[in-house]
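Same chain, two partners: subunit A is paired with subunit B first, then with subunit C.
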Partner chain A sequence: MANPLKPLTALGNPTAQSDTIGAVTITENPDTALASLASRLGREAEVASLAASAGVPLPGPGRAETAGYGAFWLGPEQWMIEAPFATHEDITAVLKPIFTDAASITEQTDAWVRFDITASDLPGYFERLCNFDMARATPGAATRTVIDHLGCYIIRRSLTLVSLLGPRSSAHSLHHALVTAARAIL
Partner chain B sequence: MIINHPLLGPRDAQEFIYLGDAALIHRPDGMAEGALERFIPYTYLRDNPAGSHRELWYHEQGDRSWLVVTRNTTTHEITAVEMARDVARKEGRSK
Partner chain C sequence: MSRISGGQIDRSKTLRFQFDGVSYNGHPGDTLASALLANNVRLMGRSFKYHRPRGVMAAGSEEPNAIVELRSGARQEPNTRATVVEVFDGLQAQSQNRWPSLKFDAMAINDRLSPFFAAGFYYKTFMWPAAFWEKIYEPIIRRAAGLGSLSKQDDPDAYDKGFLHCDLLIIGAGPAGLSAALTAGRAGARVILADEDFRMGGRLNAETLEVGGAAGADWAAQSVLELASLPNVRLMTRTTVIGAFDHGIYSAVERVSDHLAQPLPGKPRQILWRIYTKRAILAAGAIERPIAFENNDRPGIMLAGALRAYANRWGVAVGESVAVFTNNDDGLRTVADLKAKGLNVTLIDARQGDEVIDSAGRLGLKSITIRRSNGRTETVAVQALGVSGGWNPNLNIASNHRGRPVWDDQIAAFIPAPESIAGLSCVGAAAGAFSTHAALTMGATHAVAALADLGLTAHADAPTAEDAPLNLTPAWYVHSGKGRAWVDPQNDVTVKDVKLAKQEGFISVEHLKRYTTLGMATDQGKTGNVLGLAVMAELTGKSIPETGTTIYRPPYTPVAMGALGGRARGEDFKPTRQTPSHKWATEQGAIFVEVGYWLRTQWLPRKGETTWRQSVDREVLQTRRSAGICDVTTLGKIDIQGTDAGLFLDRVYANNFASLAVGKVRYGLMLREDGMVMDDGTTARMGQNEYVMTTTTANAVPVFRHLEYCRQVLWPDLDVQLISTTEAWAQYSVAGPNARKLLQKLVDQDISDAAFPYMACGNITVQGTRARLFRISFSGELAYEIAVPTRYGDAMIRALVEAGREFDAVVYGTEALGVMRVEKGHVAGNELNGQSSALNMGLGKMVSKKKDSIGMVLSQRIGMTAPDGYRLVGVKPVDPAQSLTAGAHFLAKGAEAVAANDGGWLTSVVYSPHLGHSIGLGYLKSGDSRKGERLRSVNLLAGTDVEVEIVSPHFFDPEGERLRG
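And then the complex of A and B:
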């Protein structure tokens, strides 16, 4: 019997939603598996060398990198690891054997909704959303800040593309904030 | 107010939560002799200076690190920001 359960995206649709408002495009991206990685006390150097040999980048404060796996900095000795959902649905099962007991790894995939935002004027758009200074953020910058009372990660992939990770259970509220800000700069 | 985070640079104070006097990181050993006498001042007694004050701030909407901020309570001028972890390590704590 076919599986009667249908996977839905964070916004509750069978496929990812995309909205274009003026020069801003907001696209839900359900194709990323996420896991947080934290070095255990005293094992920081070991984690760094295991990560380097497995192709997991561990970027510095406020930065994101892609080299095989994607990763961005969460806090001192803590990172979020990104991988394609299709091949890494069970991402912790892939990462745990790499780091053994030198790091704590927690699955995060379904904790977050990811929106990919393209806009011709990203700084002008983000000025209306949060107090993170997009104009001074070079590609590869990643940080956590508040958007409409929601703690979100902002990753600047390029001059025109930003990935935004917000709490999945508030996906509709975050989407509403993004659409409202996009209408404000029409 | 802008707090110059040692790792992330200048960040708006809206992202932070204030805890209080930085002396709170000197928590007494609760199992030692005379712990009660040390816990009473630790819990209740604070200096209330008009001027330079070392205090703990938590970057809750950021990287969730604890900071020791030296702030002038009359002008809000911030003269130093350190990671609380580094402050504790300088004092010989293991973590």
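And then the complex of A and C:
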């Protein structure tokens, strides 16, 4: 272990980038580990019970929750689990013992670039980006949408904070779209 | 005469603008049309075909005549309607379709030659010689017919797209729309009120009518203030709803910056909104229609409602002496309002048998000739004539889903059919209810009904207003005179043209339109269509609804291409995908190639290399001699888990997968249901119930979609879970005789041949970092693919390059990859063309018949297994100095180059630095039994004809000894 590999963020920097344009702040967040969790066929109740005892929330369609872990809904019996990267870099190694063979768990950490976006008027900003009805999305709302041709997940953490997960390889393109939209509503 | 008192313009501010180079003054609140009229400019354009002098006809977006060019340079914009252009300081406008000037237009000779230019003239003339059409006739006609011109410079402005959501979208902010918005807004519904005008109020701004005891315009302004105070209501001025689409989706263009000299920094010029609404109300009002008479197209002759609007809203009198020709009581309102403004007004009421039979004035109206009911004719000197033949409900949007309008005899007009569009109701004048009272009450009651559908309670509370009937007696055109009477002034379609169309059998409304051009171009017949139908109905002796109706497609008014394109132009046309080695490769001066959205390294030129071949040859030779590193992250990676994952793979792959052991990788061939090859790749068994499938770069998404379909639809009983991990891992191929030595320097585990044999896979670590290793080879060399979490991908390529330094290892791009795979005879995109089977590719034995799999049965069809079918072959030039051309077809020696003699084609061609000549792969009929044959490879496009020898597709290390080394 002479030269441990040094990570770069999705935007290609050693540390996370943050841009403030008017009332919108776009901050890259590389500090969350992600894993998909899918119940195996016929093991759904078992997964729900194991998740409950381990503090892994399993929210319903269109929702995200945070208990010990964070989670948002991906599809029927399928969720994305969030945990701090610093303590859960090998997140599947942590989750697999919890769920044993009742669930399929796949590392997703670096499949995504995550931007945390704060804005005083989140609906006014997101209406230039995607067809997600932010004005009616209460904190805890989460959905899949398309921004600039890119499939993304939106999680509304609070009235002023949204996490946006987009395909990591297109982080530059997505960031460009986010900055452009922020400038357009200045 | 020009400005008169009153109106909604801000006289405290003066704006300077130019029309055809002459400077004029206007005021905030003016349109270009109102400001020009206020400056006594009536002549604003020339007609399309005859180049007749034309002035403004309407006061809204339906304007057919006053079509002008705006601005200059890159922002020059043709074909805008002067009636909706807001005047701003420094506005430059030019007339168009005239030469050399608007007042003297040489092309007006067409008007003298009009007998030659009747409807359909270009179908009858220019018939011969046929060869002249494309090169001579058409260019001449197009030049003569053109309207505005393009600057051909890039549009410097940006256009946004956006998405809105609401309970109720109200289209039009006249009395009906405002009443609906107040009703719904007060009830707490989420409302969007959109109007194309820059001031809400619709006709109320152009009338002297009262609403609730106040001036109509004041009530409108007060209502807008109240709506603006409601947080649940969004008011959108300068916003045209251009179409209704499926499931409550409407499209609208907001002109954010069109009223400014140029957009504010960062701001878009326009926004194309997609509006998702639960219910919609169409309150778009009505459009007045003319009565046709001889020479009814002179500047100064306009719609009566427009003449009134210019006086009431903009404080403009088009002349001191004016006349009104009407067949309904609304025309009388124009008479009353203009008289109240102190103008001399002559009334010609068609209902009394009076008619206007002609007009005079070359560049502007000077007089009209009236024939009274007693037969007496008189000529009256006037500067303006307002004509009203009734009003057509503005039902454009309501017919977007092909709902045919229905005829209403009461108003002699089409009204929208009920339920034309699910969730849309029409109110007020748009529904044929023309009084202010009807508009206000309908708006309110329909809003209540729409909200009730959504479970919301609202109260209809409309203020009092006039409720006068229209009292219309239909009058379409004046049956007098031999001259031309215009039906559609924009396209120069006259009553005579309609008659001619009828005479020649073009009677159906669709034929009438195409034959005469009625209702085409920028105004889409908003003022002329019903009149044209009425003329045809009268000629055929049928009723108007029997004759036909016209329906409308989006967009309602012309939309700039820029607005449709949005931000997706130039380098922002589409997003890009960058590989984990992108930053490093950019530093090295790599040449990139687009593969879908991906940017892949194509080759990495080194100092002194002047052609791409030098770089690629070096990359190949160095890889085969020592070691090469290639970023293969773009290959699709699909994580497949579940207790039935193995069975699932056995069904989606044509070859056997049930026997794949944990820790092993296998090449897999995937067929479509029709038996053709869909994709190929490798799948690694990482655990008892855990597999990682790789796909080709191009098919990563289609294969994932296919697998999801199989899982969810075909076999929901299987316990299988899928997710893409393409982006999660940075994956590099390390190939060549020194690949193992190179990797062993970085990998913490033993990867000797004994510990990690050919086709092994497993989880390992690279200097402590989690990684996956696969011993697979595309190049035919001893090779591995190593994957680390993507964030370490940049560090990994740098570590590989550093570790490879002592071996003189090279990083290679997709070109070298392509060379090596052709040398090995591996199929890729060129061979996986969707029309080729496993048998065609020489992989027929891979399709297992011991199990069922997708495509297996149909791959055995007779046509698919014919012995004379295409087979993959290797091809080399007989003369090594000659180059092959991909796409060239195989012909026997001496055979003519015609399709009947075609023996197949070259799919992939590369220069093999190892062999020192050009080599190729190809599909050749019965190719598997033709090794050693000499054929010609002919490319008629490239003009090449090369003698070739058919060889094995495995040019390099056919026994595969190197990759097992």
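Keep this in mind: the second predicted complex is superposed on the first by the 182 of 186 C-alpha atoms of A that agree within 3 Å, B and C clash if a C-alpha of one lies under 4 Å from a C-alpha of the other, contacts with A are read in each partner's own complex, and residues count from 1 in each chain.
Going forward, a residue touches a chain if its C-beta (ideal position, glycine included) is under 8 Å from a C-beta of that chain, and two chains touch if they have at least 3 such contacts.
Just so it is clear, the model here is predicted, and its values are computed rather than measured.
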item: Chain touching more of subunit A, residue-wise (subunit B, subunit C); value: C
item: Touching partner for A:Arg144 - first (subunit B), second (subunit C), both, neither; value: first
item: Which superposed partner A:Asn131 touches (first subunit B, second subunit C, both, neither); value: both
item: Partner chain in contact with A:Leu41 - subunit B first, subunit C second, else both or neither; value: both
item: Subunit B versus subunit C as contact partner of A:Gly62, first or second or both or neither; value: first
item: Residues on subunit A lying within both footprints (that of subunit B and that of subunit C); value: 41, 131
item: Contact footprint of subunit C on subunit A as seen in their complex; value: 1-10, 12, 30, 36, 38, 40-42, 78, 89-90, 101, 104-112, 127-128, 130-133, 135-136, 148-150, 167-174, 176-177, 180-181, 183-184, 186
item: Residues of subunit C defined as touching subunit A within the complex; value: 158, 160-165, 190, 265-268, 271, 274, 276, 567, 572, 574-579, 582-583, 597-598, 633, 639, 641-644, 689-690, 717-719, 721, 723-729, 748, 766-770, 788-796, 799
item: Touching residues on subunit A, where the partner in the complex is subunit B; value: 41, 61-62, 73-76, 131, 143-146, 151
item: Parts of subunit B lying in touch with subunit A, wherever the complex brings them together; value: 7-9, 12, 14-15, 61-65, 83, 85, 95
